[in-house]
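Below is the structure I would like to discuss, written out as structure tokens.
Read from first to last, the chains carry the letters A, B and C; within each, the first residue is number 1.
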Amino acid sequence: MPHLVILYTANIEAQVDVAALCRELADTMVSIKDEQAKQVFPTGGVRVLAYPAKYHAVADGGAAGKAAGCSGDYGFVYLNLRMARGRGDSVKQHIGKALENVVMEHLRTLLEREHIGITLQIDEGQEVFDAKNSSLHPLFRKN
Amino acid sequence: MPHLVILYTANIEAQVDVAALCRELADTMVSIKDEQAKQVFPTGGVRVLAYPAKYHAVADGGAAGKAAGCSGDYGFVYLNLRMARGRGDSVKQHIGKALENVVMEHLRTLLEREHIGITLQIDEGQEVFDAKNSSLHPLFRKN
Amino acid sequence: MPHLVILYTANIEAQVDVAALCRELADTMVSIKDEQAKQVFPTGGVRVLAYPAKYHAVADGGAAGKAAGCSGDYGFVYLNLRMARGRGDSVKQHIGKALENVVMEHLRTLLEREHIGITLQIDEGQEVFDAKNSSLHPLFRKN
């Protein structure tokens, strides 16, 4: 944790570099600081996974978009960050805004040119069992 | 929001048109009305994404199905609708039943011929941060 | 229900047999007993679905791993079991530990050789609508 999962319609790949988006979102997660200037997410715990859907259906399927002179090839990007419980609300808003800024940099042109929806949400995990095993964390522990 | 994510074993694709299922589920979501005959989900907010699993394992792996004279090639379809909090319970049941009807139309034959499981669930999002950016909604706003 | 969804970086496939991991996790879920020696999960309800991500970004992207003399090709495996509400805490811990043991058998070598993170969590579904249709369950019902 935290992990950010991106589910999206595959049609956005023609105009968005999803690999670069993932990398920049991870960099942002690593760089976020709390009010005490402490790193919010441990570097070794940052993960972003992106999944284009094999099939999708969005809104009315394209009729209104075509009627408006566009392709009617609607897109959708859903970003869900799951993180551990217990952080303060101002940190949550700060994290969300920072990630939203990255997403909008990458998608603003597409948002303006085509008809797409972008939703970014943060959930606090409510898990009843939690096991973590990692050989990543030791790489980033300060001596 | 709302968005409906379908996770399924890839073997169902031989007998189910998943693209058509997505489209019909989206159409149904658009058409659902509440008790005041008002559209429950804004058209521009309706999204369905479908993901076949690369690998799967279901139940005992096929032995019981073969012993019963079938292929033993079990399938599974999981549909999860995530929507915003705060709708009344009767609307939730109405939405669920409408989507279940669509799913069953598409999968009934397969359900009867092979051994598959179909689960449809609705979650109310418990997000602690929520950002939406959309160029879809303006297409469907009434003037 | 229950269903176990595995999201992972595709790079682990070079060294992990994900199909076999799915099968063994399903077998374990079928075999788990509660304090009364009763099967916890009905056989026909056990499903495991595995999804490699098309794109991913983990931690710092590889710099620290390379500096430590490794490939810098970090991996991540996230396993999420969603099950019905209402089981006792000791059963939840027992389920979690049993699944973690299977995961670690398959991934321990990779964990030691490369830099990867493995997270296994169990959620209790908080669904507000739930519809199940199955031709699997009758196969496993005792007469």
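The rule is simple: a contact is a pair of C-beta atoms (placed from the backbone, for glycine too) under 8 Å apart; a residue touches a chain by one contact, two chains touch by 3 or more.
Predicted model only: the values in this text are computed from it and were never measured.
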item	value
Copies chain A and chain B - rotation angle from C-alpha fit, nearest 5 degrees	120
Same or different contact residues where chain C meets its copy chain A, judged by the half mark	different
Approximate Å spacing (C-alpha centroids) for the pair chain A, chain C	22
Shared-contact residues (touching 2 or more other chains) in chain C	51, 126
For the chain C and chain B complex, residues of the former touching the latter	1, 3, 5, 18-19, 22-23, 25-27, 30, 43-52, 125-137, 139-140
Complex contacts: residues of chain B adjacent to chain C	7-9, 51, 53-61, 64-65, 68, 74, 76, 78, 81, 89, 92-93, 95-97, 100, 103-104, 107, 111-112, 114-124, 126
